[in-house]
Amino acid sequence: MRVGVLTGGGDCPGLNAVIRAAVIAGAQRYGYEFVGFRDGWKGVLEGLTTPLDPARVRPILAVGGTILGSSRTNPLGMEDGIERIRAQMERLGVDALLAIGGEDTLGVATALHEAGVKVVGAPKTIDNDLSATDATFGFDTAVQTAVDACDRLHTTGASHHRLMIVEVMGRHAGWIALHTGMAAGAHVTLLPEEPVDLDHVAATVAEVLERGEAPLAVVSEGAHVGGEESTAHTERDAFGHVQLGGAGERLENELKARIPGLSSRVTVLGHLLRGGTPSAGDRILGTRSGLSAITAVAEGRFGTMAALRGTDVVQVPLSEATGVLKTVPGSRVAETSDLSW
Amino acid sequence: MRVGVLTGGGDCPGLNAVIRAAVIAGAQRYGYEFVGFRDGWKGVLEGLTTPLDPARVRPILAVGGTILGSSRTNPLGMEDGIERIRAQMERLGVDALLAIGGEDTLGVATALHEAGVKVVGAPKTIDNDLSATDATFGFDTAVQTAVDACDRLHTTGASHHRLMIVEVMGRHAGWIALHTGMAAGAHVTLLPEEPVDLDHVAATVAEVLERGEAPLAVVSEGAHVGGEESTAHTERDAFGHVQLGGAGERLENELKARIPGLSSRVTVLGHLLRGGTPSAGDRILGTRSGLSAITAVAEGRFGTMAALRGTDVVQVPLSEATGVLKTVPGSRVAETSDLSW
Amino acid sequence: MRVGVLTGGGDCPGLNAVIRAAVIAGAQRYGYEFVGFRDGWKGVLEGLTTPLDPARVRPILAVGGTILGSSRTNPLGMEDGIERIRAQMERLGVDALLAIGGEDTLGVATALHEAGVKVVGAPKTIDNDLSATDATFGFDTAVQTAVDACDRLHTTGASHHRLMIVEVMGRHAGWIALHTGMAAGAHVTLLPEEPVDLDHVAATVAEVLERGEAPLAVVSEGAHVGGEESTAHTERDAFGHVQLGGAGERLENELKARIPGLSSRVTVLGHLLRGGTPSAGDRILGTRSGLSAITAVAEGRFGTMAALRGTDVVQVPLSEATGVLKTVPGSRVAETSDLSW
Amino acid sequence: MRVGVLTGGGDCPGLNAVIRAAVIAGAQRYGYEFVGFRDGWKGVLEGLTTPLDPARVRPILAVGGTILGSSRTNPLGMEDGIERIRAQMERLGVDALLAIGGEDTLGVATALHEAGVKVVGAPKTIDNDLSATDATFGFDTAVQTAVDACDRLHTTGASHHRLMIVEVMGRHAGWIALHTGMAAGAHVTLLPEEPVDLDHVAATVAEVLERGEAPLAVVSEGAHVGGEESTAHTERDAFGHVQLGGAGERLENELKARIPGLSSRVTVLGHLLRGGTPSAGDRILGTRSGLSAITAVAEGRFGTMAALRGTDVVQVPLSEATGVLKTVPGSRVAETSDLSW
């Protein structure tokens, strides 16, 4: 058996742990050979490969990103994408695919499976918004990195009696903001899932300042601040001017309009959350996902992907991953939303 | 309602998150007052208290250990322990207790509940060996700290073609070793739950050296190395001499006897794993546990403790926590035990 | 002797180490009493104080920011600033001042000294741009934090064959960018001290991409990108539109115009570099500065400030600190500027 | 010109930064070729080499240890060591050597220089005990790692009113203990350079406990505790029993004998301090040392080594490095030794 491996979509910490575990277990337990496809589906479509064996993957457990490279190329957007993939697999003697990625990547995997291609998946998203699994690797590292940043920013805020606003990734799901806010002790946490009452936010900020402390606000990039959903990148208007930017900056403007003399700073963590050595938790989840996926290959359970359920990593149908986005439920918001930390 | 809070047993990261969340939510949602008991059950028995209100607990989220202090005093070992606790609670006007601790502490809480005292619990153990919950706070931080140490040790091992042995906590349950070994890419992981085949371990170490890499071994203090269970502390024999020490040192001796010219170093991480600022994950689990416990007080669900089940924190009967030790199941060992990383 | 302590200007890691060392050594060695002034010169002018003794300062060594608060209030901008300070000192029975701050704060201290007020200083700037000392505390932590961020960003850049641009503090002096760039292995480092050849920068970026690696650019906020000096904050034009922002964003625009299809991301670290627990090096430099300053008080060497010279911390005239800005010399730029890492 | 590079003695963070900078600058500025010798002088004596060029060294800046491997093999202990080195250099076409190491390695380099071999050096020791330079790379990382550990241990000590003893490297020079103790806020710091007054130490520990805090003691492995100099490794007596171990354990015994009921824990950091990714400061010092050394080769200034003097990295005669050990001067001890933190 010769297994092709690819990583698609935005990278995140833990991808290399999946690759490493699958290759080592596949080679040692089942005698499989592996080939790496470069830059996601692009590499499969174009037959761009890189060698992949235990010696290559042993040292990559603690390395951020993906040694295979990634891209957002989506074969489903092409007329003959599936056929081209099948042809390249045949040409390269690849019997099965291990596709590691988020909703887009796994959507392609689902389509391939339905077209009869042997494929298993491992879900990846720092946003933690895949329905089929309790948690995705990359998320833990992202939250830890954001919390470390908040811890740093909070002390300088306190020295200057200043509101610190921290904008984190999350366009449609606010998991990173929710967990960052809880772990960093934020006084305000704004998610895409909930309407924002700016007057209430301003009152909270004012109360914290009143008692001599420094307010901390954690804001998803997709939070509804300023009446419209924010976008990750600033837009330029017809005159080439930059529109008012992300959710953090818009929040600052709204609060300055409501609190006279407010001192504040906005920090956009952005891609900081994607990179770097994975946390212990993400290395474990990545490793177990890789082991589960390669076992599924060996047992012929194609069309499935690795999923965390409680403390177990199991294989679930690929189609489960690509249905409804897993957003933050109201019960999680309600855990703390009435509290003035 | 006036709630007394105590932390018992060995400390771990996340205790302060529980205290903070329970006090802030209790005060703001239910108008409760709080009193802190110092040094676990000792403080309850002797009526040693410290003030506890939102202003006191706001800054402690990221602080390691417990602001209440801890001890291993166990009222169940006294004839009138339960009665003395009841008397102190009456004297101090304390209506209910929030007991945060491990098996011993929660065992006392169970006995108190059975004696009619209003008590709820929050489970704590860095060893992750409580049956009633998917995970305990403190464990994530302990593993991360151990993995950081392994990452450091691995590079110096590689420079010197040297086996690095890392001994971690875990007398009866090997969860810390299991997760540390998986996340650090250890070639050998020895747990209290499994017999140790020293010849096989030696063969693995030799193979890794043979291919020009540096072997890494992670060993629970309770691993069965050298024919007998190790103990956390070195013992002195009848002559006052120190016996051969922990599991790490015993492993080194056994391997040196089997591999001529082996260069190796042993590092005992010990209490490093107990201390320091909690990881984001442990801050979240601690906070959610505190929120769940104080809600249980408000709803009169005494005799319960906070437990993680999947992604939910729920209250389960206290008695569940103090039954069987949750050891590493064979299925988790088998995930990787045949692989030569 | 009763000594007033204040911290002025932007905060930085290590301020609390100075306060702690000065108070403990002053109290124990010389029997001094201390009073803390809140929020820099503002607190001195208005007589806003906070208690300061060994018990208060013992736990603050690892705490970021300043427990005294800070502000940019400058008494030299008032007609009677010096007199008001003198009056408040008399009213509060303060015999001497320990002023911890940057060029502005030490400028006030110099003026006070010339006016006969007993004052010593400790220099502070994360920018490392004070002439009188080899290094200032805060700088080491800032560089370490920036390098940690670059390490994270570099792995996600590599996964996506993407240029990562990191903008760091430094309007007039590029020390943070210089050291961050060197320690992070940046391919491009742009400082305020040097003209920027954008075509050369583009060629370097293209070359790194060509060899299959991910380019990293570290840019001072004051680097000369796009023909004009950048400012820390984005400006709004007459129509309320945001002008093209910081140096990082301007660099991205310039490079996109020169390299077709360039993928890139800009991260502005900003206030992340100011906050958080100080590095070991900054705790040591802060502690030694506090010890040196309080010794100067005891020995009557007023009008001096603590300075690092080689491995010694000595007192130098305050006036030395507030002369010429210490910018990056051409020799340091030349160390690496011709190399294509 | 073909330059051979080797790293000798115990490894430390920053070695790879030296190699990387020397190779890239040597190749790009001067057109040099490089060859790596494996495992220090052993590799030179036996002609064991590994390829070394810019592509190989680019990714190693943040990697701990040394990609060349190291050993303690000393050619000066052989009759014909110098001649064998000369012969291997001729055989391999190596014109000059860059020797990176501590006192032993640089001692060989000195002898080679005196025998007419072209050699330059870069000093390395985590102990910071080389006379010719203000600081050696590796030291900063070692201290930071030790301080991080102390920060962790201190919180668990505080929860249990327990003395935490931390033993760090340093047999003959106490720099690591001195800086760790100062940066971690230790109440007791014991160095090899000073006699130890155990009664005074016990009084300090008791005083800290008395005021309700947790004492922290940082001890060099070479500190004079228990009447005799400690050794890094525990010894076995004639009966095969382990003798009382390191300085930390001996200190614990002495204090338990003096303070009834004292609770304490000893942590031996040992090789943790040698490994892992180098701090920003050590990456910079390593890089600048490599640049300085290769420039010296280009300018024919053989027999010199890179040294930090204030903020400059300069070349000094190799012989300066191998004279007197740089121990902690009494003035540095006196800075804080009378203070009860």
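Chains: A, B, C and D, in written order; residue numbering restarts at 1 for each.
Everything below uses one rule, namely that contacts are C-beta pairs under 8 Å (C-beta built on N, C-alpha and C of every residue); 3 or more make two chains touch, one makes a residue touch a chain.
Small disclaimer: the values here were computed from a predicted structure and weren't measured.
In terms of the stated touch criterion, chain B and chain D have no partners in common. For chain C, the chain with the farthest CA centroid is B.
Taking each chain's centre as the mean of its C-alpha atoms, chain A lies 40 Å from chain D. The mean-CA centres of chain A and chain B are about 30 angstrom from one another, to the nearest whole unit.
Note on chain placement: the centre of chain A and the centre of chain C lie 34 Å apart, centres being C-alpha means. With touch defined as above, residues shared between interfaces to two or more other chains in chain C number as follows: 151, 277.
In this structure, the chains touch in the following pairs: A-B, A-C, B-D, C-D.
Chain B contributes residues 7, 10-11, 15, 39, 63-66, 69-71, 145, 148-149, 151-161, 164, 234, 237, 239, 241-245, 265, 267-268, 270-272, 274-277 to its touches with chain D in the complex. By the touch criterion given at the top, residues 24-25, 28-29, 55, 58, 61-62, 134-135, 140, 143-144, 146-147, 151, 179-180, 182-185, 211, 213, 277, 279-281, 283-284, 287-288, 291, 309-311, 335-336, 338-341 of chain B touch chain A in their complex.
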